[in-house]
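Okay, got some structures for you below.
Here come two complexes built around chain A, the first alongside chain B, the second alongside chain C.
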Partner chain A sequence: MIRAVIVINDQGKPRLVKFYDYQPVEKQQEIIRNVYGVLCSRAENVSNFVQDSTFGPDTRLVYKTFATLFFIVIFDDSENELAILDLMQVFVETLDKCFGNVCELDIVFNFNKVHTILDEIILGGQVVEMSSSEVVKALDDITRLQKNPNSIVRVPKSISGWQGR
Partner chain B sequence: MSGGGGPSLMDSLFQRTLDDLIKGIRLHLPGAAQSSFISKSLDEIRREIKSTDSQTKATALQKLTYLHSLHGIDMSWAAFHAVELTSSPSFLHKKTGYLAASLSFRPSMDVLLLLTNQLRKDLSSTNQHEVSLALECLSVICTPDFARDLTPDIFTLLSGKNFIRKKAIACLLMVFSQYPDAVRVCFKRLVDNLESADNAQTLAATVGVFCELASKEPRSYLPLAPEFYRILVDSRNNWVLIKVLKIFAHLAKLEPRLAKKVVEPICDHMKRSEAKSLVFECVRAIVSSFYEFEFAVKLAVAKIREFLLDSDLNLRYLGLQGLLLVAPNHLWAVLENKEVVIKSLSDVDRNIKLEALRLVMSMVSDDNVVEICRVLIGYALKSDPEFCNEILRSMLSTCSRNVYEIVIDFDWYVSLLAEMARIPHCQNGEEIEFQLIDIGMRVKDVRPELVRAGRDLLIDPALLGNPFIHRILSAAAWVSGEYVKFSRNPFEIMEALLQPRTNLLPPSIRSVYIHSTFKVLSFCLHSFLLPGKGVNSSRSNFVDIEPGFTYSESEQEFTETDHATSSSGFNKRDTFTQEAVVNMLTLVITSLTPLAESHDVEIQERVRNVLGLAQLAQQEISCNHDQKEKMVDKVDLKTSIIIRLINDALSEDFGPVSLSAQERVPVPNGLVLEENLSKLDSICADVQLSISESFSLVKPILLPTDGDSVSNQQNEEDSETSPAESMSLLAEHRKRHGLFYLPSDHNKNASSSFPPANDPNQRDNDVEDLVKLTDESLVLKRKPGSNRPRPVVVKLDEGERLPITVKKTDENDDLISGAVRDVLLGNEASLHSSNPSGRRKGESHSKDKVENFETGNSSKRRSKHRNHGKYVEDKEENSEKSKKKSGGRHKARRRADGGIDVAVQKQVIPDFLL
Partner chain C sequence: MALSGMRGLSVFISEVRNCRNKEQERLRVDKELGNIRTRFKNEKGLTPYEKKKYVWKMLYIYMLGYDVDFGHMEAVSLISAPKYPEKQVGYIVTSCLLNENHDFLRLAINAVRNDIIGRNETFQCLALTLVGNIGGREFAESLAPDVQKLLISSSCRPLVRKKAALCLLRLFRKNSDILNVDGWSDRMAQLLDERDLGVLTSSMSLFVALVSNNHEAYWSCLPKCVKVMERLARNQDIPQEYTYYGIPSPWLQVKTMRALQYFPTVEDPSIRRALFEVLQRILMGTDVVKNVNKNNASHAVLFEALALVMHLDSEKEMMSQCVALLGKFIAVREPNIRYLGLENMTRMLMVTDVHEIIKRHQAQIITSLKDPDISIRRRSLDLLYGMCDVSNAKDIVEELLQYLGTADFAMREELALKAAILAEKFAPDLSWYVDVILQLIDKAGDFVSDDIWFRVVQFVTNNEDLQPYAALKAREYLDKPAIHETMVKVSAYLLGEYSHLLARRPGCSPKEIFSIIHEKLPTVSTPTISILLTTYAKILMHSQPPDPELQNQVWAVYSKYESCIDAEIQQRAVEYFALSRKGEALMDILAEMPKFPERQSSLIKKAEDTEADTAEQSAIKLRTQQQASNALVLTDHRPANGAPQVSQLGMIMVPSTSNVDQNVVDQPLTHSNGTLSVVDPQPPAQDHAPAGDILGDLLGPLAIEGPPGVSPQSELNNVPSHEGTLGANDALALAPVGDQESTVKPIGDIAERFHALCLKDSGVLYEDPYIQIGIKAEWRGHQGRMVLFLGNKNTASLDSVQAKILPPSHLKLDLSLVPKIIPPRAQVQCPLEVVNLRPSRDVAVLDFSYKFGTYLVNNRLRLPAVLNKFFQPIQVSAEEFFPQWRSLPGPPLKLQEVVRGVRPMSLGEMANLFNSLKLMVCPGLDPNACNLVASTTFYSENTRAMLCLIRIETDPADRTQLRMTVASGDPTLTFELKEFIKEHLVSIPTAGKPPAPVAQQPQPNIPPIASSDPGALLAGLL
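Presenting the complex of A and B:
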């Protein structure tokens, strides 16, 4: 299964962190630091795979550089390396469709949306969608739901809270 | 406005949004400014999150989740607020709550209990996106309680809309692992989903789950082989096929008949597919699980070769990996591609270099180890420090495997180790140290060579400047002291051990040097004072260490060669002239006296031992200096007596110690080892107190003396230290920035072949050379000159390797597979049985299944002649069979509902395996 999806920029700042089995936040940060250390030391135009023992002897790490960002997927031996590379392509394509020519800032300022997109593609470490157009469709649905007017019921509530004081 | 930090309307109106927070963080420079901004924001969040207004609360939680996820801020205190928001009627707020929960909850939180009802409600929501939120959250934070309580809800979703179904299936994996009994409820629906050809994604999720399950305990999923086979043949979805291939790779190892059946379609995919991912998966499956099928392996190796020759580095890397998988069973495949492998050693990509190195090591055998190591050493000299050490490490580990199994010529191996020590970047000192000593103890025949190599290392003053090889020098010193009798010139070794630059060594290693001095000294004095009672006489009455510990039959032979070397080595009495010995004593005394005041206990103690002996000998020998006639009485001198005693003690050999040696020591009577030590606590409490007191008292006193010692030492050795120290600094610098230095005189042989790092032409030439070299050397043939018998390597009677811990499968996996078997074999009775008895039933079923296979076997034999290898016919039969199978499954389902008919079920499985 997929153990983690991480996006960091070339300064090592995390932009998206998602672990599929529980990791304490300190451990997460440590993993990210280690991964960044490894990726930094790699030259450009080399292979995208790194043997990685963060989660045991069989885990592997695939990364891909897009402009200033490293997209990283950590997974074990029930996944195929090249298929995961395809998956990353799907993820980035979807981001591109959603943000129109995605850049680092889009990911910085759309924390929630990026998570929503990722959750449509991977759930519980399993890939559930490989078609970016399907993901975009689901995302449009969700955006519509979020703007649903009946969610604006907060005014009376807050006033009552205020009056009660 | 509101006391106690409670939320206020102002907070709600002028609340910072997540965007504001992010902008704020970006405005502040990383470091103090940023962290103070974050802690200020946290204070705000703490206030806002208590708001009764859910919008305010949601925004606060959003900000907190962001800080938690990307800045590592603890948010466990806000767990309750997250739970609260999941029940919000607003989808946005609900989503915020769930995101916070899935990113921050840990399995042990109490607050999880509060979430159960909400999850149930959302799982049965009519809004599919609410259901997905709940599923996503559950897939991350699932606990046994959640899994138990929510299994029915998930079960319902397994036959719902595809959008939800695929997610529910993916979520099942977590549910099963937390609560194996869920398998009994959900497994049939999961199996049904293997037929959902209408939606590729649902099928992909289903095979994904089976792939995970089968990787843990494949045996339980053998009965599903027909379903997987159908998918393998019919599906055109690469993602699905990859997972099915992985499942078959697991299953085929268990059932050779299945392997035979499946290998054809896999080869078809391998030939046909354009997708590299699928092709590679086929290759991997073939070489790891179907390696007995020659034609398939040939095809796979051809594909690997395509990968190796591709311009894409990823494919080249995977090609090497594939080759590595083939290597154990089909070494020819590696040899066939050896030029590519060797060339890859100089690839720009570190990964590729490492894989290539592993492949080269996989080709090593006792015939070619010498050549391969020569090639690699040459290569190590030319590569960057990191990879150089990687090469050295793999050589060391390969050569020492199974007690130096592949090494025949130990003289060569010792000189190889010495050569490694001289490689400028070598950082494997510890391992080399271990092996030098280990070989010394195990292989008697190699000791003269070992001493020679040790001498060469010790005598080179340049090596002392490199802290990475201090450990090797320590081994060299030990070896030269322990086996000094093989030395051509012990005085030379003594000088090497006492050379001024040894002050660059750390105290622990220096004390090894000094102790070796002691051994050399006592040996020299012995040879001088008691020439008649030479080494051999003292050896002859030397008894082996342990009873039951035999060296070998060559013991007798050995003492003879021993005699030969010692007599030829140094021209006996001529070497040990009075003058030489007196000079040596003076040298020892002058160079060690300053160290008698050393602040390192080890050094001080050893130095005093040596000095005591040296001074005693000096007195008596110089007394006798004038009266030559009295020399005959040397034997009666006090020194002689002591020396004889010491020498007897020292000449006892060290042998390797078995790991289990301690276990074999009988426990003395009256020693109670398993007594309860609870009383110890009260005693220890006092002890610890006093220790901590002494710490605080002693430290301030110790520190100044320490400082004194340094300055003292510096004063004493002023003339020596400062240049030496600068030399060591220089050496360190040289080590770090080796590229910018011209080759120095002392490691000339090492550095002369050291090319400028980034000279492409040079590199290409090197590669050519290497390829040429290996072309000759990697041929698998007996070397003509290898007639020399392998020396005896001492091994202990039992295995010396660490005891291998038996890999236990997770208990949960056991439970899961038990449940799976129950379901697959349609045992209704255990469906509702309680846990422990259910498990026992699972076990009995596994026995049943073994019987199944046996009957299958016989039926196979019976029907073998029926489908006599005609492929077309076979295919038809297949489709027929799959029809039959689906019929069988329906029956099975009916059976599960109604009575049990194991007899029919039994036939369903083996039939396919024909």
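Presenting the complex of A and C:
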């Protein structure tokens, strides 16, 4: 299970914080501080894995750096580390598609949109969708609804639309 | 894509961003919180837009790390808003801010339920996401049926169904009763047929949670998982949007292989073949490529495939392929792959037989200990620790010691502990062990816990041969200009006890020893000063007649500390001063410390305790246990020179034996010296345990300061005085076996160990605090060869070792000579040849005894040379089976019996049981799916190879009974086999049997003793 997804910038400022295992806000901040401390001291060209005991002895931490941002996923040993890296890549590619070459500012000013995107990819600590094009489709529907709450969902109720796959 | 025109929010965010420091940020945030609070108070004036905006702001502030303790109600109330934009904000913010126990969340249950059962799919998605993220028990109880319905509905869109699957997973975790196992397993199987990859991915996650909880209920899903693997990895039958860098949904492949790892085996040969074909394809077809993302994805699949192969184990061919791959990975440039390669190699140690191959990579693994990445260094340390055994301990421990000097502080403590444990476990000789620990203290004193130096003291005290060496080493370290305080402690202690053994060497006269130790005194802390004071007293004691100059120096020290503020130091100073004026009597009072009682190393125990948590580490543990019984042993150890001698010494040293007591108690009376009258009646005990307070853990019972005179310890310690004079063998005869052996408790359940060994060929037969008996066996036809591994777990030798076999009449057993003495920490191997004459269920017994110190331990252990060891499983086709079956018409060659009181088990379990008994289940022979047919070949000298056929008819309505038919060409064999199977079906063989010192378990169904042969007689009695 994925316990948390965190995005912080290279100054340690949180940009997205989502815990799937409830933690009080002080604990969340402590975790973020600790993680930031560890990540800062990591050289380049080292592995993406860090030993982590935030949630007990079985937890693992995988991180990836994109420009000024650290993307961090904390999870337990029921997940595969490299697959979690794929997951981060899918998340970032989806952000790219939504914002067009995403940068830190996009995430800062659209943190609510980022939450919406994350909810389409991870639900309750489990991956719900790994195809970024599927996620983008779902997001398009949501955007339409936000702009015009009365509009009808794009995909018709008829089955043929999706069962062909 | 900007926020849908929420200007106020953007302005707020940029203002926060522009704050120059944390203080300004806090002021800005507090101002905003105050503003929101006032706006929420008169809610009437709020437009939906404003409400939305404020709730988003709350979430932003919360993310920055500020507690937002109000406004929850407003967020929750948005959930029931009629329009999507408000509703969505309500759902997202609520699921971030609240936890499952929050009161407001309960208020929302109804609104959430309405959205789930409503017809608006977008609302359904929002509601499912919230419940999946934070749903609690109450949600589980009230919403589970509705969520289930969505998941299996055929009219729902995949978008909804995939969320329903994960929502259901969350609810299942909160309350596992929500899914009725019987009904749900079929549904689950159907879900795994799903074509839509999104739904299938979610369903697979749900499935992993279910099988990890109870795989038995989901056997029917196993073939489906293999199908999924075939579809993805072989047929690549998958829509474009689900290929990721050209690989068909790596995520789903990984999840599916993870799910398969929760099943103990894959029985069906055709499914197994299909799965291994896919795995082979993955192992062979993965290359390191340039694109990082593609590499990650393909190796994610590859590592999962490796894990699955390791789990399914039996295909040895692929196992060596796996080791080869891992060997390649730990040397590649890509750090992630190097990391995982090391980690998986550590896991692989669990699989026996690859250990030697892994050792070939030792040099590479040691190189990784110097990797720039600390994550990799840690994995490398774990692996080195796991792969260490007697053969490579020296190399590995010396590498660790060398690395200790430059290692990161974050790793030093772990490194020191691991080096100490390995040195203790696998030391080829004890002087090397002492070297290692002293080096460890020298290089990383701050990271060497007290346990470590206590242990070295214990080893030295218990091994006379080691004492001069250890004292010399300690003396050498004292010459160094600056040494760690722990080194001062350990060398002072060792030199106090044993420096007299060095007396003739240069620089080792009592005076010189005293002055070099005393140099350190100004630099050490109070507990160490206490140890030094004791050391001085011991040095004085060893220099009889006293050297007046030395005596004056020491007395000067004592008088200086007579008024010390620390009570412990003061007491020691006063008492040692008084005692040291007793002249010769000092010899008795301050004699050498007695041997420590043997016990499990607290270090190793600690390591085992902390390791118990994660699967891979327990795998290491498992292997080290095996190793104890597999490693070859050095019998060239020094002979146990002194057991009797030592025990005599021990008698003198025992603090509370009466003659010593009198010495002390009498003398204060004869002297009218005022200082002596303050002497506590307990000092003798204390003198003998000078560091008792610190060494308490090691001293065990001896350190307990009971009232002088009669105490259980004194009796215990008196025993050697009687026995010491007798030859070991006489002692054996004299010692009351029953009484004494009850004090040595076996570790683990003997009966359970026996039963485990009936099903496998190597493992531990018996273990107690002193000895471990392992067994490894090979069977060929009617002959077998067993090797008994007798391992002494102690630092002192085991004496009077005797082993006798009480063979039943049907077995010819030939045990090679068992040595009388097992040296400290050594292991001896005793081969045992077995020949099976005829079928019988009687059991051979090993009568085993040894002596350790005062304990005489005697045990009768059943040997796992049982009926099924002489089976050779054989697969019989229908063409062969039926003619044979018919040719054996009825009793006595074919026997049938209705067995009642069968331990309930599924057909799969029963098939497993049969296979483990080497009765090969032949699927498909019996048209009735509730029945089971098995076959095997039995070998004995009388019968030669004999085909046996078994048929079990079960009653699905009543699992406690079945009808069994057994057929073979020999009447005795048929009968014995029938009874043998019955024994295994009827009861759980080991349940509820408390471990008994002489643990023999009554065998069910043993016929009344009719024969005269001792084995059968014994077995009958037991």
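Miscellaneous remarks
Just so it is clear, the second predicted complex is superposed on the first by the 148 of 165 C-alpha atoms of A that agree within 3 Å, B and C clash if a C-alpha of one lies under 4 Å from a C-alpha of the other, contacts with A are read in each partner's own complex, and residues count from 1 in each chain.
Here is the rule we use: a contact is a pair of C-beta atoms (placed from the backbone, for glycine too) under 8 Å apart; a residue touches a chain by one contact, two chains touch by 3 or more.
Worth saying up front: this structure is predicted, and the values here are computed from it rather than measured.
Within the superposed three-chain model, A:D10 lies out of touch with both chain B and chain C [touch as defined at top]. When the shared chain is aligned, chain C comes close enough to touch A:P57, but chain B does not. After overlaying the two complexes on the shared chain, residue contacts for A:S133 are found with chain C alone; chain B is out of touch. Once chain A of one complex is fitted onto chain A of the other, the partner contacts of A:E104 are absent, as it touches neither chain B nor chain C. After overlaying the two complexes on the shared chain, residue contacts for A:Q89 are found with chain C alone; chain B is out of touch. Residues 14-15, 17-18, 20, 22, 25-26, 28-29, 42-43, 45-51, 77-78, 80-83, 85-86, 108-109, 111-112, 115-116, 119, 123-124, 126-131, 134, 138, 141-142, 145-146, 153, 162, 165 of chain A touch chain B in one complex and chain C in the other. Note for the complex: chain C touches chain A at residues 1-4, 9-10, 13-14, 17, 56, 59-60, 62-68, 83-85, 88-89, 92, 96, 99-100, 121-122, 128-129, 132-134, 155, 157-159, 162-163, 166-167, 169-170, 195-198, 201-202, 205, 208, 212, 239, 241-242, 244, 249-252, 254, 258, 293, 296-297, 299-300, 303-304, 335-336, 338-340, 372-373, 375-376, 378, 613-615. Interface of chain B with chain A (complex): residues 2, 7-9, 12, 18-19, 22, 26, 51-56, 62, 65-66, 68-70, 72-74, 89-93, 95-96, 99, 103-107, 127, 129, 132, 135-136, 139-141, 163, 166-167, 169-171, 173-174, 201, 204-205, 208-209, 211-212, 215, 238-239, 242-243, 246, 275-277, 280-281, 313-314, 316-318, 348-352, 354. Those residues of chain A whose C-beta lies close enough to touch chain B in the complex are 1, 13-15, 17-18, 20-22, 24-26, 28-29, 42-43, 45-51, 77-78, 80-83, 85-86, 108-109, 111-112, 115-116, 119-120, 123-131, 134, 138, 141-142, 145-146, 148, 150-151, 153-154, 157-158, 160-162, 165. Across the complex, chain A meets chain C through its residues 14-18, 20, 22, 25-26, 28-29, 32, 42-43, 45-51, 57-58, 77-78, 80-83, 85-87, 89-90, 98-99, 108-113, 115-116, 119, 123-124, 126-131, 133-134, 138, 141-143, 145-147, 149, 153, 155, 159, 162-163, 165.
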